[in-house]
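You will see subunit A twice below: alongside subunit B first, and alongside subunit C after that.
Right after this comes the complex of A and B.
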């Protein structure tokens, strides 16, 4: 069988893909990024300031999550919580999985805040809450925002794994279209192009953000 | 006080009092423990033994039933509010504007209204000659300007005790004078108790009423600045002052 590119099929599949993209891929990416960014920060702060035993337990869980493939985690959560909608499972698993990576980024960011800044907070008798929210986190974020953005892009590119638990995201929508029309090439190619068109400007934006986050203007 | 870093005994059996309103200058060779003392008072370091009292209250530890017992966090927090420190490297918060740096602690620690804190900060900025820099970020300022902001930030808390650790050592020589001038003015117009570490002997002479000469973590000589700088008794003091001053201030005094 010859592989032939058919433009009419390409135009036919485009809306199908875009609907999968906006309704699932983008939604999961945005919500999971928010979860990962917040949970990652909580993990980093707990590991730095909670009592040893708690920090150890959190550290163990984090390592466990990082050392197992996201597909296995998706399937595990899917079969463990059969009554939960797969898209919710997907958002939660992506959020938690990536929170462990973002926690490492935050940790490095927190470590990059010089000891002298902590000393200044002591000399001013600042509360723990203000130390974290007014001094340490803002300074750590400046160092970490680009790396966090890059993880968001990685997560975005991992969303096709959702098809393993039956979520019809963009690629799965394309495969279904392909199955019905016996034409896969157009769907997959255009899905790839959509990924590229979304990731590339985002990475440029992250680069700009990096500059804007510098302290002086 | 007893203070060690690993095997390195920095302070042993150190004991001295500072009266309210005293301006005490700590002098001595590098490594003699001057910074360590200020850091202990600011609770940035923990001592291995001994007690610090502020206005009669134990700062970090007290003796209870023959044992050295750590004070509660809330006690330390309350007492620490009466102490301010200016660092050699300024240590301003680079993510905040000058104004935000100054009002942070008055608003969030003392519970002052934002409006009152800003008004106070404006007065302090005026006093340190930076009224027009309220909305700048620290990294846009020169070293001397940053240090003046750091002084304003410390004063915004109305400290009863102010710790100054070589606050002009990181500055270009031509800037040193203006920072010292501001500190001189503060010394003249307030009754803040000051512990000062400096190599600026003329400043020490003008501002302080007591000078402590340190060597190896011990006070080897104490005197008024007049006596210390013109007629030091201890041979270590004489050679130290000679080294710092080039030629002793004896001539200048006469």
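Right after this comes the complex of A and C.
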């Protein structure tokens, strides 16, 4: 078979991939990251401050979600809520799945707040709410920023899993194009290059942020 | 409910077949990933810029382009060049190379965290560089890297769930068939529990490995601690390292 790189195919597929990238891949990444970052913090605080039995139940559910495949979770949610749009299912499942990772990051961040800070809040007889919002969380967040960013990148690279529930994100758009043209080379290669171009500079930035934060500690 | 269990019983042989495929992918992928990780990880901390540069390019390439893209590239694009491989080989290659690239960073980081005095000691004992790595540095790095490798192994297991798109009838595929005969909650409930159990057993095995590796270094940790579900690695760099 005569297979060579065809530039006209490449230019034909590029807009298709980019529209999948901006309309689905990036959208899901951003919205799911927000959900994961907020929900993860809530989980971390509940596990730390709720009564023991509740903390343990939450802990088990979190471990269960974290240790089972997102593909299976996507399919489960898709069939369980057939009347909900698949992209909404995707955003919710990605957000919840990654919140379990981010919760672990926050937990470590909260643990890194020195004991003396907690003692100081007691000395100042601060309310529980003020302890978390004014003292613990602001200090905990600093240490967690790079790790959260890395999970956002992981999520970004996991978004092609959405094709299991029929969401046409970038890779699925490329596959459809490839199938229609009997040629996958350009579509899948360019999809990979777009992932690399988007994720590598971001991870370099996060690496620099990490170094700066570590240095100023 | 009884009907569901009847359906499950009928589907059991096929689910077992799917389970075996998932396990084959996991174990095969893990072996290839470990080999890739050690080779690239060691190369990535060499002084020679060519070796280091080569390792860095490969690592960033496989980390930066998504697993699914790599899987589809091997499965859909390579055959158009006349290179067809069985789906199992494609699956293991994609999983092994992708997670191997992540593992390489873990290996490199762990080797770097072994105190420099240990290298100096190997020089003082006039060990060759290879001997020093094999007998002194790597065993210590190994104990450090297991928690992160354990997380990676669970990631790899979860990554296998995509292979029905390259025509493989893995556990996820069989669970989807079971859904047709039962219902969504029952079938996916069974599927999620099965995946969780595999991940749990893998984590326990890795914790046991870690306990053994530490014990060999004379830092004994009792086995009950090895039965803890959560691994210590969270990716946060700060003063937390002492706590965990």
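Rule of thumb we're sticking to: the second predicted complex is superposed on the first by the 206 of 217 C-alpha atoms of A that agree within 3 Å, B and C clash if a C-alpha of one lies under 4 Å from a C-alpha of the other, contacts with A are read in each partner's own complex, and residues count from 1 in each chain.
We take it that a contact is a pair of C-beta atoms (placed from the backbone, for glycine too) under 8 Å apart; a residue touches a chain by one contact, two chains touch by 3 or more.
Quick caveat, the model's predicted, so the values are computed rather than measured.
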Could you look at A:119 and tell me whether it touches subunit B, subunit C, both or neither (first, second, both, neither)? first
For A:7, select first, second, both or neither according to whether it touches subunit B, subunit C, the two together, or no partner. neither
Which partner does A:191 contact after superposing on A: first (subunit B), second (subunit C), both, neither? second
Scan A:63 for contacts with subunit B and subunit C and give back first, second, both or neither. second
I want to verify the contact counts: of subunit B and subunit C, which reaches more residues of subunit A? C
Between subunit B (first) and subunit C (second), which does A:139 come into contact with in this model arrangement: first, second, both, or neither? first
On the A-aligned overlay, A:130 touches which partner chain: subunit B = first, subunit C = second, or both, or neither? first
So the subunit A residues that subunit B and subunit C both touch are 217
Could you please specify the touching residues of subunit A with respect to subunit C in the complex? 1, 3, 63-64, 67-73, 75-76, 79-80, 104-105, 107-109, 111-112, 143-144, 146-147, 150-151, 157-161, 163-164, 171, 175, 178, 183-185, 188-189, 191-193, 195-196, 199-200, 203, 210, 213-214, 217
List the residues on subunit B that touch subunit A in their complex, please. 42-44, 77, 80-81, 83-85, 87, 89, 91-96, 104-105, 108-109, 137-140, 153-154, 157
Of all residues in subunit C, which touch subunit A in the complex? 60-61, 63-70, 72-73, 76-77, 80-82, 154, 157-162, 165, 172, 175-176, 179, 184-185, 188, 191-192, 195-196, 199-200, 203, 229-230, 234-240, 243-244
Interfacial residue positions of subunit A with respect to subunit B in the complex: 116-117, 119-120, 122-127, 130, 134-135, 138-139, 142, 215-217
